[in-house]
Every structure is written in C-alpha cells, then in structure tokens.
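To keep things clear, I will list the structure first and then write my remarks on it.
Chain nomenclature is as follows: A, B, C and D, assigned in order of appearance, with residue numbering initiated at 1 for each chain independently.
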Amino acid sequence: MTLRAGLLGVGMMGRHHARVLREIDGIDLVAIADPGGDPHGVAGDLEILPDIDALIAAGIDIAVVAVPTQYHEDAALKLAAAGVHTLVEKPIAHSIDAGQRMVDAFTSAGLVGAVGHIERFNPAVQELRRRIEAGDLGAVYQVVTRRQGPFPARIADVGVGKDLASHDVDLTAWVVQSDYETVFAQTAFKSGREHEDMITITGRTASGVIVNNIVNWLSPMKERLTVVTGEKGAFVADTSTGDLTFYANGTFPLEWESVSSFRGVSEGDVTRYAFAKREPLRVEHEAFRDAVLGHETDVVTMAQGLRTLAVVEAALDSARSNAVVVL
Amino acid sequence: MTLRAGLLGVGMMGRHHARVLREIDGIDLVAIADPGGDPHGVAGDLEILPDIDALIAAGIDIAVVAVPTQYHEDAALKLAAAGVHTLVEKPIAHSIDAGQRMVDAFTSAGLVGAVGHIERFNPAVQELRRRIEAGDLGAVYQVVTRRQGPFPARIADVGVGKDLASHDVDLTAWVVQSDYETVFAQTAFKSGREHEDMITITGRTASGVIVNNIVNWLSPMKERLTVVTGEKGAFVADTSTGDLTFYANGTFPLEWESVSSFRGVSEGDVTRYAFAKREPLRVEHEAFRDAVLGHETDVVTMAQGLRTLAVVEAALDSARSNAVVVL
Amino acid sequence: MTLRAGLLGVGMMGRHHARVLREIDGIDLVAIADPGGDPHGVAGDLEILPDIDALIAAGIDIAVVAVPTQYHEDAALKLAAAGVHTLVEKPIAHSIDAGQRMVDAFTSAGLVGAVGHIERFNPAVQELRRRIEAGDLGAVYQVVTRRQGPFPARIADVGVGKDLASHDVDLTAWVVQSDYETVFAQTAFKSGREHEDMITITGRTASGVIVNNIVNWLSPMKERLTVVTGEKGAFVADTSTGDLTFYANGTFPLEWESVSSFRGVSEGDVTRYAFAKREPLRVEHEAFRDAVLGHETDVVTMAQGLRTLAVVEAALDSARSNAVVVL
Amino acid sequence: MTLRAGLLGVGMMGRHHARVLREIDGIDLVAIADPGGDPHGVAGDLEILPDIDALIAAGIDIAVVAVPTQYHEDAALKLAAAGVHTLVEKPIAHSIDAGQRMVDAFTSAGLVGAVGHIERFNPAVQELRRRIEAGDLGAVYQVVTRRQGPFPARIADVGVGKDLASHDVDLTAWVVQSDYETVFAQTAFKSGREHEDMITITGRTASGVIVNNIVNWLSPMKERLTVVTGEKGAFVADTSTGDLTFYANGTFPLEWESVSSFRGVSEGDVTRYAFAKREPLRVEHEAFRDAVLGHETDVVTMAQGLRTLAVVEAALDSARSNAVVVL
C-alpha cells in the first residue's frame, strides 16, 4: 500500500519535507498547498493549491503541516475531521489549549498525530537512546544540553524557548524516558524582540534526573550538544555532526603529574562510535509512516509534543515569576 | 621590608604554599606548624611546630592557613588577635556564622584577611577580567561554568558545592563585578557520602547577568571552563590550560551549505590569546603580600569569601527545598 | 553578453557543474552531452546529446569537460579547433604528451584553456594566498599538506597521486608562487589495484620552499590540511571546513610548568579567521568565466595543469626508481 | 641487590635523572659529578665531584651520562674500562666513529650500554608498540611523525636533526621493528646558526614501511605526534599528553550528505585508550636497571642509538647532496 501524502507549506522547512516525501518508500506526494506559492520551486508536476481545504479535497491519507505555528491548530483540526494522519512541525501549537484540542481530535478520531521534533531523530540521539536502553551507562544522573548559535535570518514568530529549547525538552525526556517535573529558568531579551532570545533552565525529571538546558540565539559559536552523565561514565551527543562519544569512568589512576594537571586523576577509554548516520528528516518521516501503518515507532506523539510545550511554557513562567514551577 | 610568614598545615595544598612562600620576593617563610607532622617533607631547615599558638609565638607578620575547613575559625581568630594578616584556604569556614566572626575579627583589627579561591588567579580568568573591564565584550549577558571530573582521591570534609562550586561563584561574581542574587539548584548524592557530589545551579546576579554552574565529581572527563556571552561575542576561559579564547560575533554570513550545517549561519574571528601565564598560586600570594603592604589588589577578601559561602549554602538550601532562594 | 555553455559529462562531478553553470550570472547552459545518458537527472529541459561533436554543433562559447581522463584530449582538441574556451576536469590528461598537445592547441588558438583543480578555489586556500601575498607570514619556509581518507566508492582510472596529490601540487605551487623543482616519493599499493593508493612526497620549490605531501586512500580519518610555516608563524588551512587559522610566533614565554609541558616554551595568538566562504566550484566557474571575458583571474591554466601532472609523474617515477627527480 | 649509581652532569636533564635515580627501587644514587657545579641544587647530602674519574673512583655499578654530546665518548669509554654499565643521553655521540667505539667498548666488556631516547618510553608509544605487536593494526603501511615547536631557550650544540628527529627515528624503527633503509631529506637554516632548524624526511624501512618525519624548531605550535597507518586503521600517539587513539577502518558508509562532506565516505569507531601513564624517564631508568640485572627489556641499546645517529647523518647528507641515501 502506498500512502497518498499532502504537504501544507513549502517554505524553509516545507521544501525539505517535499524532497523527503518524494524519496522514501511507501509514500506518494500527491498534493501541495501554500497560500504563498512556491518560493523554492519544489512543486515539480504538482499544482500549488491555495489552502488546507483544497489539500484535503485532493484525497490524501497523510499530511505534513509546515506553516507558521499559529496556523497549526486550524489545519490539524480540519485534517483530523477528514480522517488524515498528520505530522505538524514543532512546536505543536501556539498555546497549550490549542495543542490540547489537537491531541483530543486525533485521539478521538483514532488517527496518528505527530509533531516534528526532528532532533530526536538525529543519529547521535537515536544511538544514545539505544545505548542507554541497553544499560551502557547504568543509572542516569544528569542531562545537560547546549543549543547555542547566532541569530538565524529566518523570521520566527516565537522565542528561542519554543523554537529551540523545545528540542532539548523533547529529546531529554525521551532519552531518559521520564517527563520534566520541576523547572526554573532565567531568560534574556537582547535583540529588541518581544520574545526571549536566551533561556537557561535547571530542573528535574519525575525519575529524579537533573536536567540543565542552555539555549540561546546570542552565541557566536554554534553548539548542538547533549551530555548525559551516569553511573558508568558520560555520553556526549553532537547533533550537528551526528557523533556520539562515550567517556568511560576512569580505570587507571594518572601518576604522571604533567598529564594529570589537565586530564584529571584518572582516565577511562573514550570512544566515538561509528554507526549508520541517516538524515534525521528521513528517519522522522519513516517513523511517522510506520506509525500510520500500525507499527510501533518512536514517533513524537501529539501528547508528547503538548507536554514539551507545557514544559517550555512552565520554564518561561518560571523566569517571569522568578519561582520554581512544578508540573 | 621582608614579611615574616608562618604556614599552618603542610598537607596536599600546604606543601605548595610552602614552595611558593619560599619563591616569591618580600617574604621569608620562618615557621611551619602541623599537628600531623611533615608528610611531604617540605620543612627543610625549619622545625615543624605543633599548633597555631606555637606558630604565632614564632613571631610572624603574615600567615597561611591550610588545615581542614573546620579548624579555620579557631586559627584565624587567634591570628587576628595576634595582629597577623592571614590567608585561609577556601572555603572560608565551616559555617556562615563562623565566617562572619572571622570577617569581623579581621575588620576590627584592621588586618588583611583573605581567602584562597585560587581559580580567580588563573591566568585565563585574570585575562578575561582585564578584557571585560576593557569593554571587549560589551554588555555581559550570561556566565556558564563547567567544573567536572572524576572523584578525587583526597578525602574532603565538604561536598562538591563548597569544594568546587565555590570557585565558580567567586570567579563569576568577580568577573562580572556583581554578586549572585537569585539561585536555584539541583543536587545528587551518588557516592554514598553525606555530602552532594553533583550540583547544577541557575541564577542571576544583582546586575542581571544569567549564571549557570555545572559542577560535579561524577564525570569521567575533566573540565574547567567559564563561558561568558555578551554583546560582542563570547569568551571561553579554560583554567586547566590557562587559555582564553574569544569568539567574535559573526560578520560573514555563510553561504556554502556544506559548512553552514555545522558552523551556523555566520562566523566571526576566533582568537586564542597569548598572554603571560603565571602559576596561579604565586599570583594569589603576590596579591596577598601586596594587600598587606597597602597596595590595591584583587585579593579575595574574607567578606567576599563569606558571600561566596553564603551563595553556595543558598544553592544547597534551594536544592533541599526545591525552591528559589533570593539572597 | 551571456556565454553559451556546453557540458560534456554528467556523472558525479558533471551534475555539480550543471547546477553551477545554471546558477551563476553571465552563463547559459545550452547543451549537455553524455554517451552514458543522464544518470542523476540533471538535464531538465535539455536533450542529452550523444557526443562532443553534437555538443559543439549546438553552438557554444565555452565548454566544461567532465568525462574520464582518457577522453580529455580528444574532446579538448576538438573544442579548441571549434574556437570554444574550455575547462577540463583534473588531471589535465592521461599523459604528459597529451597534455602538451592540449596546451599547444589552446595557446595557438588564443583560447582560454583551464583545468579544474578545485581545491585552489576553496575559501581557506584563497584566503591563505591573499594573506601570504599581503606579507602576513613573511618568508615561507615549508608547506606540508595532508590529504587522507578512506577509499572512495567511485571507480577511478588513476592512482591517488593523480587523483588527489595533484590538488596538493597545484595549490602548493600557487600559494607560494613557485613550481616544484625537486621531488622524492614513496608509494604503496595495498588495495589490489595497478595504481598506487598511498604516496608521500618530500621536495623543494624553485624558490627554496620545502614541500611535503602526505596523500592516501588508506586512512580511516579524512584530512584535507595545508600547513604553511614561515617567518612569522604558521597558517593551517582546512579545506573540508573552509577554515584558515594563523598561529603567530610566540611572544610570551610560558613560565607555568604544568602548561608548558604540552604547549611549548612560548605562545602567540591563535586566530581562526572569519571570511566569506563561497562554494569552491562556483568560484572556479566565475574565474573561468572572467578569464574568458578577458579579465585577469587565478584560473588554473592548462600550462599549470600540465606542470602539475609532470610533478606527479616525476614523483611516481621517483618512487619506482628510488631516486630523486629534478624537474 | 641495590645498584650503586653515579650521575655525570646535573644540568637541565641531569637534575631529572637525579630525582628519578632517587625515586626508583633497587638503585642508590651515591655520587654526582659535574665540572660546572650544581646549578639546580640537586646534590642534597652528596658532594659534587669534579669529573668522570672521581665519579668512577666513588665505586659505582651503573652510571648516567648527561653532559654535552661532545663529551659522551670520553666518559663512556672510561666507564666501560671501569666495568660500569652506562646510560648516555641522546644522541649517543658527536660522530658515527665515536659512537662505534662506544658500542665496541661496551660489547667487548660485556656491559649494558644504553642511550636515552626517552620518547620510546612515553606511555603512548609503549602502548602503541604493545598493540601493534598484538596485531591490532594488521600490516603497517606508513609511519608519519610530526615534532614541531618554537625554538627552545636552552643552547644546543647540534641541529634539530640530531636533537629531535633522532627521537622519531628511534621510535619509528622500534615501533615497526625494522630499520630505516632509504632516506631523502630537505633542511632549512633560518635562525642564523650553523646547524639546521628544520628537517623533513621521506624514506622507507627495510620491511617496506613508508616513513615521513616532519621536524623543526620553527613552528609556533608544539606537536609531538606519531601516526601509524595500517591494514585495519590508524593509530595516533601524542607524546605530549601520553594519549593513544585508534581510528578503526570504516564499517558504516555515510549517507547523510551534510556529515560526509567533512567526515569522509565511511566511519569506524574512534577510541582514545586509557592505560597506565607513567613518567617516561622513570620507565627508561627501570628498563636500564632491569637490563643490568639481566632481564630482557626494551632499553635503547648503544647499537640502536648508533644506527639512529647513522640514519640522521644520512638524512643530513641527503639534504646536502639533494640525493637519496640508502643505508
């Protein structure tokens, strides 16, 4: 069976969705809609339809929604009503309430509703999850993420919390398989916009793992790092290169003084693993496709996407009120 | 004038104090006391005196106190009473109250009371401070420190908060010239000791700088990093190598796609500066000596050492109560 | 005036030429020929012509030749005879004699004949050349290149000397503006092919610069580095990231012993420069276009491409005879 | 049995020999001689004797010779005549003939004669040798060393070839267990001294391994690297940090294009091994002690030290004559 796919939005992200929808097996991209036309020229033989209603009218099984966040709810509710499995770009919605309505609509319709937190599908994070599941780290103590870089040119209708920190919240909770429970954040507004451009969070998951997310658009150097420290050592996942490195706990004390001054009192093996590095967007689409086909996958569900949005909102509230928020 | 110096304690740190007290100009090491004898064989021609009273009786102008934290107060108060300028190892004392009594004693005696937060004297941090003072960064937005590594063999009578995070609090507040005002922390106890071995703090200084300190004895890799992000870029100080690197904000947009994917949307110059790298302990001692001689220096005063202890205590309270502490 | 361009060969490299010929100003890609058809689907509206004669018959001002090396001569001589300015992929030809005939044909026809040694157009190498020209390094003492990595999947009809080391020879000679004069090389054949898969060269340019090229398809780690050491320090150009870093000679002696053990006796500033990073193939095409338009450019001339081939042949001869070759 | 040790020379290296001779088991440092006195104050309770004759007269079993190279022969021959096992600093002697006389003297006397090529005893090189012996790399294809850095303050009576490249020749031949057979070198003289300050060698061992040594005192950045490429991957040994890293050949093709552009077409695991890192000088002394005691060790024999000197002389000849030298 080949799924007939529709794509709403062919802007910066949408053009990549178009390419991947055309590349992977089991999917036919049959319709594209974008009220703004086709700025990147991805239509090919397809007509650019004017809106979500025309997209649905084209007769589709699945849809990808890649329009600005404020339009997610409207499109998603119409797609749910039409019986179309849907993947919306992250964040799930412009508000918790809107996100909740989307979750409810897809749940009651028995449809797959998914959110595009693509970093979860980065090969480094996928391999990290597999190795933690396999017990390579033992008990997990702490997850620290750093997602920093210069201000992107693309106009964003949200702050860096929803745009970037939502990646960290999603992947952290997924990697340790436990939701954020306590958050405290500080934010800064330095670029003259109404939304924050820097957020730093310290908190804890329900399972007791300490979490720390350092996220901003104010750093000259780009970083996409997740450091997970546990009983047997530490993993460092770099999603910009797709690398996963394991620092094993020290087995050899360092007696040579000129080395121990910068290396520490002991050393263990350090291994950067080789593994298949597939394009994250492709893996995300395959997970969505397989979920639609009834297979078990680690697709980001709308319920998870909503929880992630709630955590980010809680962090922003925390920064405003200078108080801890317990979710 | 040559200052007659006495040293209390010749353990792991004390032996280094003995060496430096003998190396620098203007100081004569005339007396050493340690109830535990001389395990590292640093006495040379000097007799090892039994206690602080014998040290004071040797007739000294200045003293260095390098015994376990719980004995700081007793030694310091006797030295103040005897009119001896004193440098105590960090943390200043085992309790806020004890630290306050020390501050009061040295203040009322008109003596220099100093605390050995040696990381402030690391060449990377000294150069960082100089360059921020010179305006190289413009407004400071955030200070993030990472001080991680394996559990040290030396027995510590305190947790990692007082032992290591106190360095971060001292140097952060000094570098931005503003005290911590708000702190929230999470801690972990994984080594079977009564004290924490992991602490992660998010907070803010009185001047509005976001602070974040990631400190533990549970990491296989040693890190000693301070990242200061501001208006014109970011400084990274590595105190294990004494390096200071500046990442200037991007001036060139990156149009070559295979590079921009991991480098970000723009780049600025990245410069690791060359500068004189002097041994931190030596610089600390010279600052103490010069303060005693009446010159203006950036010695860590006992008042600053007490504030640092208060911040760390507040962070530990915050972790226990799961609530923000405003100092 | 817009130049009418023809492209011969749309394999791995040819498809990139097609894209760039369509992107840059002042050129119209009007004809494509490939006896093997269009495996990557780059033709668009154009018919895929069967051969070079058909390409010439399409009426073109300039041509890009991206077919296997053994076919370069035939295509180039026909293009020269037809008055078409031509860029052939590197190496220029399968033999010195063939290359000489190509040089002669384009010279006597008064046409631009160029060779696609693309690494010269890497932003790191371009910036390196600019800074050396500006005197930033003072006298140049040595150029060391490392071009290593795993065996590529694409079938190559030449050894690693002509395929990769020819990049190093071209860029080294261009950067120091002096030809190789003395070469000695060692080679290894480890993959069961008739051509070498490892070559290591030590030699000297006419101007007296020591050259060293370490090139192979037998290394698990990919490296694309050029290190130029001179009077004032050293430049390191990384063409895989497009980075250029300058290590200035030491100005500060290192007195802190725990640092000097790994950093050396002195340090100078280390600067990774920011500069415009344009796609090398695009810069190569613009240089070719501008040369055709009569402007002065640093296009790789066929005479230079021939000299580079002669240097590589000399190195291979040297390895076979275990003797130095003076060109 | 405890060996009575004598030390000739307590300059820069001699002081470290004094410390280590006092630290290790089975050796008593009973006599020190230095015509220049005791500039670093290492004598302790010992009298500083005036010359080699006085040192021998003190009644010693073993001796360490750490005086300038030109005095090695005289001291060594007297020690051999007196039946004293001897370790001389590298290079073995100021000339091949002198070295040959030393080898002959110790051989005919049935004494251990050793040379202090300390880099062989660096933990990274020791571990590298162990792993190659164990077959971790399979067949060895190439050894490339880089030994670069700024000009050292200490006055040297030899060029960088004998002073530094001799380390590379010794460790390369030892690691692959085969002597250099073919060498070609280029040298530069940039510091106004009669000896070279830059040497770059390409050659081959008797067993067919390609060798390449890049050595100079003209680089701002300090490097101490040995890269061994073979059948199963590549080892990188860094003797400034004592690290050994293995890059395994690629097992996973890289299909994600934004990563493969800088990482190459495939990847294997990369592992920085943990192992005991002991001070090289101590390991060297223990190997010498054990050889004296009749145990099999990898001490650098005078015959090996002489071969290394011959290789370096051949390389210098090669540079002067611009011709290959076959040893």
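Some notes on this structure:
Everything below uses one rule, namely that a residue touches a chain if its C-beta (ideal position, glycine included) is under 8 Å from a C-beta of that chain, and two chains touch if they have at least 3 such contacts.
Quick caveat, the model's predicted, so the values are computed rather than measured.
Of all chains in the assembly, those touching subunit B and also subunit C are A, D.
Any chain that touches subunit B and also touches subunit D is listed here: A, C. Most remote chain with respect to subunit D, judged by CA-atom centres, is A. When the C-beta contacts at A-C and at C-D are tallied, the pair with the greater total is C-D.
As a whole-number value, the distance joining the C-alpha centres of subunit C and subunit D reads 39 Å. Annotation: 53 Å between the Cα-based centres of subunit A and subunit D. Residue positions of subunit B with contacts to 2 or more other chains are 241, 248, 250, 257, 261-263, 267-268, 270. Chain contact summary for the complex, subunit D toward subunit A: residues 123, 241-242, 248, 250-252, 254-257, 259, 263, 267-279. For subunit C in complex with subunit D, the touching residues are 139, 141-142, 144, 148-153, 182, 184-188, 190, 198, 200-204, 210, 212, 214, 216, 218-222, 229, 231, 233-234, 240-241, 247-250, 253, 261-268, 270, 322-324, 326. By the touch criterion stated above, subunit C contacts subunit A in their complex at residues 257-258, 261-262.
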